[in-house]
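Each of the next two complexes has subunit A plus one other chain: subunit B in the first, subunit C in the second.
Moving on, here comes the complex of A and B:
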């Protein structure tokens, strides 16, 4: 099947879940991207930056046979830059590491990484002058033979903040590739289901959780020095490996990520037991965009939506007020 | 749902006095999903110190009757109510949660309830997406002078939660095997013993 002509678009049924449908198995995502040229250009750019002394390190990914997938690496010399790789398995969100680096660094960033960086900038976690963004054009990465989690909701192949551009063909020009855009609309789904069905879905995912907190570690938004789940300051904050704790952990984390989740899918990518709770985060993002007109990862100057208010905020979900969309 | 609808219809209009006859001692929570006429929900109420708590006090001193379903937790401001408190209450088996604060514009700390309003709107959507019925979590504004309104609000919230029946968390298959069912105090003590 010719993946470049877009013929595959007509073959699949309308996809609601974002996984395991005909459309996905047929379509080879990451198409239109010349990874070899991108990698060559990335290595060249990294070596140049390091040689000039503009940056002390370039953050990217390197091959890791043990892990079976590329893992984060810091290239500190022009020779190190040869270790950097760029391919369809490079889905790790590197934004997290920016907060832990001292001095000037460069980061190879996909659109989702850049959204995360913008979110961190708006929360004053990063200083823009301390890092150089090497923007990598991306039309979706592959994990386990499928489009990686999060890539199905990605709006654009072009990072919306960058210093150096590496387009899909390795040149400086963006190609603006077509995106999958097959992610479910959670609000629509919620409107057509009952609370019992939604509870069932939530419990099904919760059951799989082993409370390893890998999702928190991978998340760009979860940078608290002491996480609420680790605090255990009072008896009611005790953590037993039971359903109540799992519920409290995932719901509170979703609440903490409200208006801050950039839909990079890192939580789902790292989960060892396949917990798919990203729909909660996406549902909240949809709600916040609809109600307060705010989208995370767009404007680095924006004040985060949950740390401000408007006197005219709609009186929603309150007793006597309108309960939004009757959910 | 039909069973619940019948019960809803069987209950008289939402009047503050509708559930007066029930006393806490006579009420036992059902283990299954059925709702009996005698069952009174357990509702955790977070009340702001300056308005709603004083409103509840006024209801008491004015001898206005309201259902004995709420367990009051006094907080300095509705903006102090961490969403984690509400999530924790529900995850640990509360049948409902009610948060009440000063009317917008009347906050003792000027803007606490504005932040709270935005936060609770988002929280309610989140809980709804996760399958907690929106009626189980209620937010409302009650001022210090509104004793009668407070009684009214408690009666309304109680009735809304009552028709939904006991918390689904308590009814789930996990509940019995989980240590939480034994009560938080027990596991805390055992932890301490291990520490010694």
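Moving on, here comes the complex of A and C:
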């Protein structure tokens, strides 16, 4: 807002970062979704659940002008339900909050939230009977005038696990919308670049990192009670408190999330420094899918890929194998 | 500082940039630059990158005096030496909230009320020259005026730049700031209600404190009145425990010291730490007094609004709004403090009403 004129109109558009929205107007994101109807139905559903006493809280998002994006909201009374919002900027993954809530709750979950929930269920971190999933159909969210991180690789507009369905038009039926699918193929990129080029990309990104660990905190898969990087006197902390720690942190975190990352993009969405390292995780996901035919966050009954072994497993990931992840 | 002989110098933008280029020989110049579509304070290598306007950069400039990672000592076989490497730094285009934050850090690290003087901070502060600039961009979440800070002017710097038609007016405010930007001598830019800008309210009150906005955001209570009585858990509901707020804050200054050995030399490094991490308060014996997120957020709020005011005599929040804008969980220190103020007022009102009643009887 201009302090002198009180004028709130920004040049360009409302993306907030100075990105000229007209540039993005040709992008066809979030199309086919009637947010108003969805929001109305979400509020109604939440109020009903709270009134009936089926749940003690409904987790969703509320408007937050100051943060510039909707932020988490825990509706506890039918009146609170009115605060819930649902629009193109609702990109926050709420799955993490399920790990902390006591009692029965309901969660307004997009396909990526649900993938995260499925991963947590398959790792025995959540009890299915403790929460109700209000599945929200979504064809991609917008952050800073662009498709939000993760949305470019989202496979489907329909959550693959839900109790209550809220389709794109606000009805109970899914629309099965067309997805952007514009994400880079990291495996292809890794095959066609040199070691130096890949190293340069990685270093350019971690150069921005301030080691605040927001990515870890926002990640559904990072729930270790004590993260490896927080253990004192680790050898990689010894030499250089900066670059080597950053390398150790990001590379190890990526390895720890192999076959567990659900491509929700929460890590990039919360980064205060604009570090774009999701490609590492995506590359690993592609590798796991290609090698073991497993995709995290699809089937809650499936045994996590890193928790099972078969003699028929391809051996490429072992030492001496011809592994071309090469990130 | 208000007694400083008020002279100012007018120059056009190219002259200002030429001066900056000259200054770059003598100083490491840190100024707002546009990088990846985001305005941020950064060391500049090309004067043309500098954005000399009245917009608030994304992160705070505290790294000029308090780097994220800094070697402070080295222990060799039979002796120890200081390991700090310092160059003179010129911070140009610092916004009033960030300049006030430097005053807070000064008070904490090297102020008279403190029990210790941090020599590493002192060394960097001595080598720092600050040229301020006004801020005309109230971003969502900004509340500097409620914290008594004037967004148009700050006298806590060595010199101040004001954009005017056809260039800039530079006003030196200390000896350090003398002669940095030469130009044609002119009147200092007038700030104040008659000039149509929110300026220092009176000449005798250069800090702008006690200005027209009487409703200042602060906690006027004892710890006992707020520690357990306020709904801290509700304030903290959305917190994911990431610590971004502390890293992006211009006054957060907690650090950790780490000793690391390499090739027989032990280096002691000071690195940023954050009270929002559970391990921050983990004791050697295994006890942790702040295991819950609400306890950590409470510490952050009360440290800024209660403990530092008690110990150093000033509130350690400048209202820059950075933590509010960058919080993924939607935590809001401004709303939290104003809610506390409201609750305190409500709890006091009935008591006062009762007192009057009793007096009447």
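In this text, the second predicted complex is superposed on the first by the 281 of 327 C-alpha atoms of A that agree within 3 Å, B and C clash if a C-alpha of one lies under 4 Å from a C-alpha of the other, contacts with A are read in each partner's own complex, and residues count from 1 in each chain.
Just so it is clear, a residue touches a chain if its C-beta (ideal position, glycine included) is under 8 Å from a C-beta of that chain, and two chains touch if they have at least 3 such contacts.
Here the structure is a predicted model, which is why all the values come from computation and not from measurement.
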item: Partner chain(s) touched by A:242 [first = subunit B, second = subunit C, both, neither]; value: both
item: First, second, both or neither for A:67, with subunit B first and subunit C second; value: second
item: Touching partner for A:223 - first (subunit B), second (subunit C), both, neither; value: neither
item: First (subunit B), second (subunit C), both or neither touched by A:198; value: first
item: Contacts of A:210 with subunit B and subunit C, given as first, second, both or neither; value: second
item: Residue contacts on subunit A - larger count, subunit B or subunit C; value: B
item: Doubly contacted residues of subunit A, that is, touched by subunit B and again by subunit C; value: 238, 242
item: Touching residues (chain side subunit A, partner subunit C) in the complex; value: 1-4, 17-19, 62, 64-68, 71-74, 92, 96-97, 210-214, 216-218, 226, 230, 237-239, 241-242, 269-270, 272, 274
item: In the complex with subunit A, residue positions of subunit B that touch it; value: 83-84, 87-88, 90-93, 104-105, 111, 114-115, 117-134, 138-141, 153, 156-157, 168-169, 172, 174-175, 178-180, 184-185, 187-188, 191
item: Residues of subunit A defined as touching subunit B within the complex; value: 186, 190, 195-203, 228, 235-236, 238, 240, 242-245, 247-248, 251-252, 254-255, 258-259, 279-280, 283-284, 287-288, 291-292, 305-306, 309-311, 313-320, 323-324, 327
item: List of subunit C residues in touch with subunit A within their complex; value: 36-38, 59, 68-69, 136-138, 140-141, 151, 196-198, 237-238, 240-244, 247-248, 258, 260-262, 269, 271, 274, 277, 279, 321, 324-330, 332, 334
